[in-house]
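Take a look at the structures listed below.
Two complexes follow with chain A in common, the first pairing it with chain B and the second with chain C.
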Partner chain A sequence: MSAIATTSGVKSGVNGGLSSRVAPWVFLSPFLVCFALFTLYPLVQSVVLSMQTTFGPGATKFVGISNYRALIHDPLFWIALRNTAIYTLGSLLIQLPIALGLALVLETPGLRGRSWIRLLLFSPSMVGVVFAAMMFALIFEKQTGLANQGLHSLLAPFGVDWSLDFGWLQQHVMSALIVASLWMFVGFNMTFFSAALQNVRKDLIEASVVDGAGPIRRFFTVTVPAIRPVAGFVVLMSVIGSFQLFELPFIMFNNTSGPDNRAMTIVLYLFQNGFETGDLGYASAIGWALAIILLACAGFQRLTARGEEASAA
Partner chain B sequence: MQEQQDRLADLLPEWLPPGAAIVTALALGSTIMLLAGAARAKPNEKSMWTFARPHYLMYEPRIAAWNKSGRTPFDLRLLSLPAMERRMMASFLGNVPSADVLEVERRGVSRTFGGPVDSVGFYDLTDKLKSEGLIEAINTPSFSPWTTRGHIFGLPHDVHPVMLGYRADLVEAAGIDVSKIETWEDFARVMKPLMADNDHDGKPDRFLLNMWETNQDHLEVLLLQAGGGFFDEHERPTLDSAINVHVLATITTWLAGPTRFAADAPNFTAAGNKLKSDGYVVSSFFPDWMGDIWKHEMPSLSGKMKLMPLPAWEKGGRRTSVWGGTMLGIPKTAVRTPKDFDVLWEFCKELYISDQFMRDLYREGGIVTPVKKYWSDPIFDEPNAFFSGQPAGRLYINLAPLVPNRNSSPYNTFAMYRTVDALVKLAEEARATNRYDMPTLESRAKVYLGEAQRQVEDVLKRNVFLTAGGAS
Partner chain C sequence: MSLRATRIFAWLWTRGVLLIAGIVTVIPFFWLIASSFKSNEEFFRSTFLPMDGRRIAWERLTTEPFRRLFSELDFSNSLVNSIFLSSVTGVIATLCCAMGGYALAKFRFKGRGFCTALVLAAVLIPAPLIIAPTYQLLYRIDLLDSFAGLILPALAPAFGVFLFRQAIISGVPNDLLEAARIDGAGEWRTFVTVVLPLVRPMIGTFLMITFLGMWNNFIAPQVVLQDPSKFPLSVAVAELRRGYYNDYGLQMAGTIISILPVMVLFLIMQKDFVSGLTSGAVKA
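Up next is the complex of A and B:
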């Protein structure tokens, strides 16, 4: 009896050990299979592809690092990079301060209709980018567009003759894109700041008031340090989102990169190469260049955050 | 709930957990549904995709009649142009089936020519067209957009000669006689009175031509008319040719400066239509398909418009150009046996080459057939109410043999946009520096077109499937 019990105990112990070793992998396997199939393999394949000239998967030729070399000397790539950087800076320097300002206004004690204002400001981000792009393409039309007509009428009483031929979609492409993205995303970023502001410790604010700090001093010495982690996250997400800009210019400029490539972005250039001329190899090289830029941005953000944490400690 | 789960677990083998069983059941169920859907498709039915609603409406009754005749039935589908081009490219690049017959627009087709010639996704029709005498029967320039490296991959749908459509009501009220216009210089001089500033706001009340530096179609029309273009017959880039330099410099004087006579009234938009209806621009480029669009979008202009041949670049020069183009092609993936090809080819000819199609094409779309033997048909002499009773078909047919060739290249669209970039830079620079003399404009045009040429050459060099600088 005791022998049977011992054998049974050993058996169950072995089974239990095997199960505990295998079970996690069984549970992880759906994710691992999908990850390997849809992320890891394409990632590796895109490196291989970036070293080929292709016309679809059927016609490929290994060209080594030629695509990367060509990319460095490709004026269109640099135009795309410059445009994307300008748009990113515009988004960061205009959109985020406005979003923070709106959040500060929204968090003003005693503000009436707070929820409605928040809804109003947030609602554009629920609109599809394609729809917004089509709308702004009409708004920025010459002669008949709302922007030129509105500015023409508004400025006329001040003696300013705003030209109906003002080229929002020709000479001022980046301004048009930044205005459109401002309308779409400022409310979205505002909600992050709003949430961060709600978590600023009230006792610190009260203490600073008691110490005689004015609103500006209070903002920079209490509020800003408290919302810094969220602000860092919003900045990083905005940089990544801005570098991936595609639908807005693609639709606003009727599937083109705009006059003199003024609406050309890195992702749009990638799309044109990969899916319009069929050179998936060159498109992959552009994709890797973009990935490296984004990794550098994320690394820089991490380093800055770490430095701040260290100095705070 | 727990009891139900236990009962379900009891029904399943030990190695199959309930969650996995549900996922498997869903996968099996959806597979069966897909297979059942595929089985419901009529056996031997072929499919055709088109991108244009007017074409779809025109073909529908004809395909219904074809299907009733007992021949292999066809299913016609309407897709948006970008959706169709992407599906076509995906199917060609991945060598998987799409439709059996594709009706495709010119720019979409040239993209399929980027690889080795034997990897083009369309069936090569050259021998068939030759053996059936269709090469001679069809207007030669109509083949050029569907041809690469000497191989023809499509059956042409049209010729698309371009004329100038003008507001006859405004022109005639001003006492202007357009028969005195032979060249673009004549056009600017004779029509000039229409640019008067009657409302005294310091700006002309109207402009003579709908054209702008950002419009790639207008630029291509004018380049081709002048004998320029983006590629030569060997598919080598010619962006910085002397003709292109001259055309860009001249156009700049139309768009800016003291001799400006052109303004932007965008095509196919409500804003542009309003400007045209208001008479902000007096004339526009009119390929044969444009009349039908204006008729539907701006019916108020019916009886107020007339057509005239394009003014030439020099006396005795070409009075027309070409804009747009469509073909029928047979994807290689649709041809599994020689019999497949015969069925599809018969269908293509029935759709595009028959006299009934010629009439439908003209009556419903205002489009002139590329099949020369039909050009004498009296239908083309009928007066057209939109064009103030002019026999529009006859006017276009008179110009059809003069339509220029468009040499095809997978980088046609790329080259076109680089040329537009050059024009945009040139026009903006001229406005900024206020210099509009031809020697300066031509020297600057040469610089900007030189940049564009280099960019196209660089892209061509990267494509190892084509020999450096041109197609093999």
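Up next is the complex of A and C:
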């Protein structure tokens, strides 16, 4: 009976009648209107703007592709790109292995209080980046900051004299940003890995145990293939998020790009040009440089994912 | 190593790792709370709680930073602004996305393929790319320095339509919709009484995502708003760092006030939120 109802539901009911022909557009219209006005139009306009020089939002002048030409020869843009790339690599190479390791530990069978631990480790990602930046700005201060004081007293028993004057915010800016982002996002990424691990088929694990595979071999032959799609997703999310780094350095360094532009990132440079200098045109060109980098990363991820599917088939 | 020893080692190892991760997670929170109850003098004197020998000197803690936030500064105003902006955006954006997702999931119409492709492509647009043109647009339609200028652009996140489309495809059976129509329910009533209750977890998740998104948003209010009485907490807190640079207790108290409401909300919604957040990635 239910089978009949289902087919009729798909075939006639949802299609027939005048009101249900109009209905989907009525349901879609709030989204479409907002989307057209505040996403599509600005997207098109960003192409136009990137070929203009502006003095505030009102005064514009057409300059063709010279914004892009200037960008390629702009040393500050390259500093921003380099810093952002270092931060992104740091996120990928340090953060994601820790996140996966924690997820593996968290999903060991027989662990009690698992959901509470997951909740605790996830909680920093609820804190807005602005607020975390406020906190870490003080944590990384010389002398009084928690980071130096903590390292100083923790390492003392091992005979290491960690200096209270270690300049997190002066010389080691990228390390400070990466450490802060570890606190903010390890639990977030762990949660995705952990959800993926829950979906690893129990029968495959048991079969490999019966076959006498050790835990390390089991990890590479059963677990890794099973969590690969989610891992790809997490990597892509991390790259996209890291490349848009802005609030953390901007707040930590009091609305500047830090000493010797050590905290300059792509979006921070975009912000400075667009809203401090007032050149929305150059800012849009920087935006397109960012978009192209991210699209290339997304395309690369799609290609490798598809390659794997093809080789698996 | 014997099997027993291996087991004990594994037990200790997993608990040890999780304990360290837990401590590292909690300590900054704890430091933040302790610092917000300190005078500047005390801030320099102690790392966590003020100590008097081996006794915790509770009497050296002070609520002065919080008092100043709400008397000397207009923090209650920023709190209200944040709550207003985040709730209005959350509710309307969730409704818009649920409606859009429903249309793409359960109706067959000309243009459905195009709309779905549009939504999928839009997920790839990085937000910073459209900041400058959106600012120019808001200037032209005279919405700079207004709440509408913040809320309107946040009402149609494409990934929300995508999430609801997925949730409705997998969670709403066609025969239920058919039954509702046979009973004479109109399209809108079917949506409200049949579809929405079935995707309740996704509604919770997405309300939380959009609420958080607005609450924690800094760049948009920083760019759009000029009048300090309109500032949400994110901008007001950042201003503390400029205007009260040497007032550590005040800065940390402002940060706590900004984090606390979100944490409470998270604890209430946590179960649906975390599973809803990961469901898209794991199923996809």
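To be clear about the criterion, the second predicted complex is superposed on the first by the 281 of 313 C-alpha atoms of A that agree within 3 Å, B and C clash if a C-alpha of one lies under 4 Å from a C-alpha of the other, contacts with A are read in each partner's own complex, and residues count from 1 in each chain.
We take it that contacts are C-beta pairs under 8 Å (C-beta built on N, C-alpha and C of every residue); 3 or more make two chains touch, one makes a residue touch a chain.
Small disclaimer: the values here were computed from a predicted structure and weren't measured.
A.B. asks: Is A:Q170 touching the first partner chain B, the second partner chain C, both, or neither of them?
C.D. replies: first
A.B. asks: Please work out whether A:T53 is in contact with chain B alone, chain C alone, both, or neither, and reply first, second, both or neither.
C.D. replies: After superposition on chain A, A:T53 lies in contact with chain B alone.
A.B. asks: Counting only touches as set out at the top, which of chain B and chain C does A:L111 meet: first, second, both, neither?
C.D. replies: second
A.B. asks: Comparing chain B against chain C, which has contacts with more of the residues in chain A?
C.D. replies: Touching more residues of chain A than the other partner does is C.
A.B. asks: Please indicate which partner A:F275 is in contact with in the superposed arrangement: first for chain B, second for chain C, both, or neither.
C.D. replies: In the superposition, A:F275 touches chain B and chain C alike.
A.B. asks: Using the superposition on chain A described above, determine whether A:V63 touches chain B (first), chain C (second), both, or neither.
C.D. replies: A:V63 contacts chain B only, not chain C.
A.B. asks: Regarding the shared-chain residue A:L81, is it in contact with chain B (first), chain C (second), both, or neither?
C.D. replies: Neither partner.
A.B. asks: Once the structures are superposed on A, label A:L138 by its partner contacts, choosing first (chain B), second (chain C), both or neither.
C.D. replies: both
A.B. asks: For A:D260, using the defined touch cut-off, is the partner it touches chain B, chain C, both, or neither? Pick first, second, both or neither.
C.D. replies: Once the two structures are laid over each other on A, A:D260 reaches chain B alone.
A.B. asks: Determine where on chain A the residues touched by chain B overlap those touched by chain C, and list them.
C.D. replies: 57-58, 138, 144, 255, 275
A.B. asks: Write out the stretch or stretches of chain A touching chain B in their complex.
C.D. replies: 53, 55-59, 61, 63, 66-67, 70, 73-76, 138, 141-145, 170-171, 255-257, 259-261, 275-279, 282
A.B. asks: Across the complex, what residues on chain A touch chain C?
C.D. replies: That would be residues 2, 5-6, 8-10, 13-15, 19-21, 23-28, 30-35, 37-39, 41-43, 45-46, 49, 54, 57-58, 101-102, 105-106, 108, 111, 117-124, 126-131, 134-139, 144, 146, 149-150, 183, 186-187, 191-192, 195-196, 199, 229-230, 233-234, 240, 243-244, 246-247, 251, 254-255, 266-267, 270-271, 274-275, 280-281, 283-284, 287-288, 290-291, 294-295, 298 of chain A.
A.B. asks: If we count contacts the way the header does, which residues on chain C are in touch with chain A in the complex?
C.D. replies: Residues 10, 13-14, 17-18, 21-22, 24-28, 31-32, 35, 43-44, 47, 95-97, 99-100, 102-104, 106-109, 112, 115, 118, 122, 124-137, 139-140, 152-153, 155-156, 158, 161, 173-175, 177-179, 181-182, 186-187, 191, 212, 215-219, 223, 234, 237-238, 240-242, 245, 248, 251-252, 254-255, 258-259, 262-263, 266, 270, 274-275, 277-279, 281-282, 284.
A.B. asks: Spell out the part of chain B that touches chain A in their complex, as residue ranges.
C.D. replies: For chain B paired with chain A, touching residues are 82, 86, 89, 92-95, 111, 114-116, 119, 213-214, 264, 266, 269, 271, 274-275, 280, 410-411, 413-414, 417, 420-421, 424-425, 428, 451, 455, 458-459, 462-465.
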